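A, B, C, D, E and F are the chain letters, set down in written order, and residue numbers restart from 1 in every chain.
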C-alpha cells in the first residue's frame, strides 16, 4: 500500500496516524507540507528514518524545492521522486491511502 | 487574554501550541471540535485539568451537546458557557487569540 | 462495469460537525450502496466520534446526520461498519456509547481488512 | 479613526504553499502598512518555515510570495518581524537560514509583546 | 461593546461560519454592536448569491440576510473574492465587496476583534 | 494504466488541486490515462466559471481547460456543488456536473484511484 502524507507533522496527526497502520512492504510518500517530516534537522527526522526500516520512504522533490528544503537537508533514507516518480509509485502499489 | 481552541486535540497541534503560550490569568475556551479536549475520559483531560491551575477553562456547551458530550463527561474544572457566555468571555479579556 | 463486485472502503478519520467531511461521506455511502458493490466503512482516529450516542446539534442549528448510521447496514447495502478499538480507547469512548451496531476490531485486524480492498476513500 | 496608533500583530502559524494563509496574510500586511498604524508580525510554529531561505516553488507553478518579507520592514511600514526561537529550534531551522532580517526572540519575550497588542490576527 | 469579526474558513467544509452566526446573534441580543464581519481567505464563499442548500439544512443565504437585516455589515475581501470568483456580479445582495482597509478599520474601531 | 482522481479540498486554501494538476500532467505524458477527476466537498469550487486569478498567479481556469483539452473528464458533484452555489449556470464549460455514481464508476473502472 502507498501511504501519502501531505500535512505538516508539526500541526497534524497525519504522520502519526499513518505510522500506526503501516506494514512491512508499504511505501510512504511525503508531499506538500508533509515534506517537513523528512527534514534531517527537526523533530521528525529520526521517527521517519526508523519507519524506513519497515517501509520504502520517498518525498516529492518539487514540493521540497518549493519549501527551500535542499536534498542535503533530507534524511538519507528518503528518496526523491518527481511527479513522474509519484505516478510510478501509485502504479506500483495496489492501492493508496491519503492520510 | 482569551485563547480559543476549535480544533480536535487528537488531530491538530492547536491545543499544544496554545499551552506553550498561556500565562497566569489567561482564559481558555474550547469550541467546535476543540470540545474533545475537555472530555474526562480521553487523552487530554488530565492535560487540560493541569492547565486550569493557571487559567480559567471554559467550553461551549452547545458544541459539546452537538457532539454528544454530556456535562458529566467533562472534566470538573471546565465550566460550561452558552453563546452569551462566549460573548462575555470575549468582552472580559482585552484581546483574543484563535489557535 | 466489471462483473465482480468492487471492494471499496470509506475510511472515516474526522470528527462530525467541525468539518463537513463525515456528512458528505455519508451521502456518498448512501449513493454507493445502491449500486450493488461491496462497500464497507471504517472509523479510525477522530472518525469514531461520529458514532457517539446522544449527539444533538440542534443547539448549533445543524442537522444530526449521524442517525443515518443506525440504518446503514439494514436499509442500505453496506457490508461492514468497522470501528478501530484502539482509537475508541484512546478517546475514552466505550462500545456501549456507540449509536449503531458496528464491528469493533483491533487495528491490526482492520489493517488486514484494508489489504483486501481495491479502493480506499479517506474522509 | 482614532488618534493613537493601534497596535496590531499578525500571528503567522502556518507553513507556506500547502495552504494559502501565509500568502493572503502578506497581502493584508502590505495593505495595513499603508495606513500608518503600528503593525508587527510574529512567526511561530510552522509559520517560521515561511522565512526559510532558498524557496523555489516554480517547479509546482506557484508564485514565491515570501520574497516580500525581504522588503516588508524597509519599503512598507511594518514595525517588527518577530520569530520565535523555540519554534526555529524544534524545526531545525537556524537563524542564518532565514531570508529576511528578523528579530529572533524567546517565546516568553514574544508573549510579552503579544500582551501589548490591541488586536491579534492569526494566520 | 463593539465587536468586529474576522472569518477565514469556508462556510461548508468548516463549522466556523455557524459559530460566527450564533456568536453574532447572542451579542446582538445582549445589546452589543457588531460593527462588521470581514470575510477573508475561503470565507469569501459565504457571499456567493447562487448557494442553494438542500431542504432541512442550515441556510447560509438566510443567515446572511438575517445578519444584514439586523444592521451587521458583511464585507467580502475584494482580492480574495476575485480569485475565487466572487465579484459584483456574483455576490449576494446582503454582502458588500471591499478592500482589506475594512479589516484594518474593524481592528481599530472595534473594542474587540475576534477571529473564527 | 487507468487512473481516477478524487479531490476534496478547495483550490485556493489548499495546494491539493495544484498537486492534482501536476500529477495528471505527468501521468498523461507517460502515456497513462486519467479516466476522470471527481470534485467533492469544497473541491467543487474548482469548477466556478467566474474565477479571475490575479496576473502572475496560477490560473485554475486555464488548468482545467488544459486538462479537458487533453481528454480528462472533470466531474463536479451535483449535491456538493448545489450547496456551494455551483450549478449548470455557474459551472465552467470545461467541467460537467454529475452525481456520486460517477465517483463509484471511477473507483470501479480505474486501475488506481488516488485521493488528493
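Here is the rule we use: a contact is a pair of C-beta atoms (placed from the backbone, for glycine too) under 8 Å apart; a residue touches a chain by one contact, two chains touch by 3 or more.
None of the values given here were measured: they were computed from a predicted structure.
Trainee: Please find the path from subunit C to subunit D through touching chains that uses the fewest steps, and give that number.
Mentor: 2
Trainee: Looking only at C-beta pairs in contact, point me to the busier pair out of A-D and D-F.
Mentor: A-D
Trainee: Given that subunit E and subunit F are copies of one sequence and touch, is their interface built from the same residue numbers on both sides (over half shared) or different ones?
Mentor: same
Trainee: Please indicate which chain is farthest from subunit A, where distance is taken between mean Cα coordinates of the chains.
Mentor: Of all the other chains, the one whose centre lies farthest from subunit A is E.
Trainee: When the C-alpha atoms of subunit B and subunit E are each averaged to a single point, how far apart are the two points in Å?
Mentor: About 24 Å, centre to centre.
Trainee: So how far apart, in whole Å, are subunit B and subunit D when each is placed at the average of its C-alpha atoms?
Mentor: Here subunit B and subunit D have centroids separated by 27 Å.
Trainee: Taking the mean of the CA coordinates per chain, how far is subunit C from subunit E in Å?
Mentor: Spacing between the chain centres: roughly 33 Å.
Trainee: What parts of subunit F, by residue number, touch at least two of the other chains?
Mentor: Correct list: 12-13, 15, 19, 22, 41, 57, 79, 113, 115.
Trainee: Please list all residues of subunit D that touch 2 or more other chains.
Mentor: In subunit D, residues 13, 17-21, 45, 60, 62, 118-120, 122 touch at least two other chains, as defined above.
Trainee: Two or more other chains touching the same residue: where does that happen in subunit A?
Mentor: 6, 10-11, 13, 17, 32-33, 62, 95-96, 98
Trainee: Sort out which chains touch which and give me every pair.
Mentor: Contacting pairs: A-B, A-C, A-D, A-F, B-C, B-D, B-E, C-E, C-F, D-E, D-F, E-F.
Trainee: Going by the contact rule set out above, which residues of subunit F touch subunit D in the complex?
Mentor: Per the stated touch rule, the residues are 12-15, 18-19, 21-22, 56-58.
Trainee: Could you please specify the touching residues of subunit B with respect to subunit C in the complex?
Mentor: 6-8, 10-11, 32-33, 36, 39-43, 45, 61-63, 65-70
Trainee: Spell out the residues on subunit D that touch subunit F in their complex, using ranges where they run on.
Mentor: So the residues of subunit D in touch with subunit F come to 17-21, 60-63.
Trainee: Please name which positions on subunit A make contact with subunit C in the complex.
Mentor: Contacts found on subunit A: 1, 13, 17, 20-21, 23, 94-99.
Trainee: Which bits of subunit F are touching subunit C when the two form their complex?
Mentor: Its residues touching subunit C are 6, 8, 40-41, 79-80, 99-101, 103-105, 107-109, 113, 115.
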